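The next part holds the structures, each set out as structure tokens.
There are two complexes below, and they share chain A, which is joined by chain B in the first and by chain C in the second.
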Partner chain A sequence: MSEPGRTAIDVHDVQLRLGHRQVLQGLHLKVAEGGRLGILGPAAGGKSVLLKLLVGLLQPDAGRVEIRGTDLSSGDEKVLMRVRRDIGMLFQNYALFDFMTVGENVAFPLARRGDVEADEIRDRVEARLRSVGLAGSAHKMPSELSGGMKKRVGIARATIARPALVLYDEPTAGLDPVTTQKMYDLLSADQEETGCTVLAVSSDVKALMGFASELALIHEGRIRYAGSSSEIADSSDALVRQFVSGSEDGPL
Partner chain B sequence: MNLHRKIEALGGAFIGALKSVRELARLWRGSLAGLVERDYPKGEIARQMYVVGNKSVLFISVTMGFLGMVMVMQSGQQLNRITGDLSQLGPEFLRLFIQEFAPTITALMLATRVGAGIAAEIGTMKVTEQIDALRLSGITPTSYLIAPRFFACVVMSLVLTIFAVVFSFSAGGLTAWSVFGLNPTLFFDASRVQVYDLTLGGCKALTYGMAIPVISGYCGLEARGGSEGVGTATTSAVIGSSFAVLLIDFLLSGIGFAFFGGGAR
Partner chain C sequence: MIGEGLITGIGRGTMAAWRELGGITVLTGQVLRALVPPTMDRPELLRNLYRMGNRSLPIIALTAFFVGGIMVVQAGVLVRQLNAAGLVGWGAGYAIFREVGPMLIALMFSGRVGSNNTAELATMTVTEQLDGLRALAIDPIRYLVVPRVLAMTICLICLVILGDIIALYGGALFAMLVLDLEYATLHYSLVDNIGWLDFIHGVVKAGVFGAAIAMSSCYFGVSVRGGAVCVGKAVNAAVVAAAISIVLLDFFLTYLLP
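On to the complex of A and B.
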């Protein structure tokens, strides 16, 4: 599905104002196909907003967003739908459909394609739920689940159709350290299997560093650091160092 | 400067209103298109009809029954004072209820019950990002969520209006008989009902049935923030739909009067 070397995500000089706040101001970001990018940043820094821009749920005031070579800024629904077919997304607050069972939620992106047999959908849903540690929960309603369980259902829903690009907004917030590690192992295994491009937003710096080869830090609407995750701790930028180490003294 | 501000605010409100009207028109077209595409969950239309109809049928029947009784008491007393001839009471009551009271009062009740329900449901989906998640799966919220509610409201508005006529007319006839001793065969006389009355009443019921889900759905889709936003959306849906019902009532009655002489005979 993916062609390594090609650019999966190209965000060019994006400006976005929401309400009275300039959320993004000149944000640049490039991710190669098959890459694993972790996104860090202080709260309300625009991380979730960036993910929504990448799937065309928000449109930039200025600048350009290209996904796998397609420019999203026309806002044309047909173009957006075609691009979105190949994207899976975990929302920060799960966004599970509360009128469907867990199984139907996970099956949804697959069922919408219309070219997968019902039997196969059932098998794949079962397998996916098992891999996120929720075997046997297919018949439950989302309201019966804990926050961490909902998160994992969201992960299952985002990945079931094996999209070429997967966006995770806080995939492990609210999970215990062991489950967190298990989830990142699962995301890694998925990514190795399908070769998809992954973007994961997380405030769990350590876990994210273990998962992502590249990291980007968003601060005040711009990318403050972009580079390999092994080098971020030695960045020349004091703010970046402070954020990664979590110490209280520094520019933040 | 103060005046300047006020003019600016007024202009802003005006532009906002125009935008809303354009958006409502878009939702209306989208609902119709969605019904053609049939891109909503299986069985959703039946479920929505049940929700709309079942929630309201008892409520509307009882209310309309009482209204029928009160109307007959009031107009019977007036007629007795003026002419003493109650023979026209039933036929005129029926015409009035078919063209005006049954569709309009039914719609006002639908606006509060069903309109609030639609806005709360869709508003909750909006603020919990379920709408975004739907769009991500290639779904147009209008086709998926509003179209089935639209269809259900249009059909149920008509059906419930018929219920309303039946219950108010029956209760009115019983009242006329028991209070004024009016012979039921004189009251239950449908021969004066004209095609005009049925058309006007039907058009009103249909238009109300379209306006309520579109306005309430719009309020839901525009919900912002958390549960507070859903509350605001629900309130605006009830106010907006009720106001729309009264406005449509005025316009359609006016058109009927101006172009068809009010169906006078």
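On to the complex of A and C.
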């Protein structure tokens, strides 16, 4: 359960090098419990890497990552496992388990908890699949689905256990504009119902501006903008303005 | 210049081999830690036992049947020359139980199950499915690797026992058809000269080979980096590593076991 007023995500001066590339260079970020933050930025700017840091799949070379008051930087597996139980994550490439059916994929986070009855799991999976527009698909294998459908299964799996923090990596990539809007409406309704903290990474500037009240723009491992989504278009940073407007003229 | 290049190549190859050996050792440590006390996914263990064991049975049975036959046919010339029909059952049984059974079946198992296991785990790694498990607070070692290691070890022991029996019957059939021997001659030659120790010798080898195939196939699967091309390279490396392990372990076990 989320606790309003508390800091859900605290990223402090994080540095990370992957291979020969400095991916994150002194990144700072704070999100309050129950907040909704959209992360924007050009490709290969470190957005997906940031999500992996938040769930402990990567460890920073320097700096600190705290999730709901717990420091993940030590890399202690027991601490990471405890924190991850309260996190739902949608991966950019879905990461659906290809040896399980759609229904089993969505049921997996609940089934692993061990404290939810089989009947309740079945009902919740059916309801969740219906809400993402995939009613009647529980028996299908992920290989039978299109990219957009896989994305929706990934969203259903990330949110079915009602985690306190949900991380979405490109939740609407590959979806048509109508489905994109429906998905963001669904994510909004979910968040309003559960009060969870949401961090969504997307390249779809317009859709993300409509979804998240707060935005952050990452470029070359640094935050170039952090603030209200309604003010981003008027940023003093030419790079931010160019990215938001989609103009060809500018520093990008 | 050629000498320098050769030395560099040998050095690089040696470093890579030690790195992979170190990785397999670390993974083995993680698997052993997960087994004390045993914490693993039982449905996943049963699923793997079925697909790795049951589905391998037809190909192993076919191979074993003809291996028994080949041994008898090869021995046929010598048996006729020395008039040693009474030794055929013993000779075939000794070789099948101690050497040919475990080694050939292990190599077949590595080609069919080990390579498939590496491809599956490597695909899961490059498509972020292992990260997906971690993000759901599930340790992929306990959930995916431990059940596979146990299943492959158990399956290879069972397949070698069944394969030994089938190879003996294959050998007996070919001995009767090709060498004109009577079944009773073969039977008494086998039971009078072969002891439980010969059988156990092969079963112990099967267990060790199964664990070696499992560890190398899982290691190359979970440690793969890159895309689809790297999956192919990982499968290749796993099959080669398993084959070398089987031969080396066979040598040491033959030397050490009674």
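Criterion: the second predicted complex is superposed on the first by the 252 of 252 C-alpha atoms of A that agree within 3 Å, B and C clash if a C-alpha of one lies under 4 Å from a C-alpha of the other, contacts with A are read in each partner's own complex, and residues count from 1 in each chain.
The rule we apply is simple: a contact is a pair of C-beta atoms (placed from the backbone, for glycine too) under 8 Å apart; a residue touches a chain by one contact, two chains touch by 3 or more.
As the structure is a computational prediction, the values presented were derived from the model and not from experiment.
J.: Quick one: on chain A, after the overlay, do chain B and chain C clash, or do they fit? Just give me the call.
T.: clash
J.: Pick one for A:R68: touches chain B only (first), chain C only (second), both, or neither.
T.: After superposing on A, A:R68 lies clear of both chain B and chain C.
J.: Please indicate which partner A:R128 is in contact with in the superposed arrangement: first for chain B, second for chain C, both, or neither.
T.: Touch status of A:R128: no partner.
J.: Examine A:D98 and indicate which partner it touches, taking first as chain B and second as chain C; both and neither are also allowed.
T.: both
J.: Comparing chain C with chain B, which touches more residues belonging to chain A?
T.: Comparing touch counts on chain A for chain B and chain C gives C.
J.: Given the touch rule stated above, what does A:R36 touch, chain B (first), chain C (second), both, or neither?
T.: After superposition on chain A, A:R36 lies in contact with neither partner.
J.: Can A:I87 be said to touch chain B (first), chain C (second), both, or neither?
T.: both
J.: Taking the stated contact definition, name every residue in chain A that is touched by chain B in one complex and by chain C in the other, in rising order.
T.: Dual-contact residues (chain A): 52, 55, 57, 77, 81, 84-85, 87, 89, 91, 93, 95-98, 108-109, 112.
J.: Going by the contact rule at the top, pick out the chain A residues touching chain B in the complex.
T.: Interface residues on the chain A side: 52, 55, 57, 77, 81, 84-85, 87, 89, 91, 93, 95-98, 108-109, 112.
J.: Would you mind writing out the residues of chain B in touch with chain A in their complex?
T.: 124-125, 128-130, 132-140
J.: What residues of chain C sit close enough to touch chain A in their complex?
T.: 120, 123-124, 127-129, 131-139
J.: In their complex, what parts of chain A are in touch with chain C?
T.: 52, 55-57, 77, 80-82, 84-85, 87, 89, 91-93, 95-99, 108-109, 112
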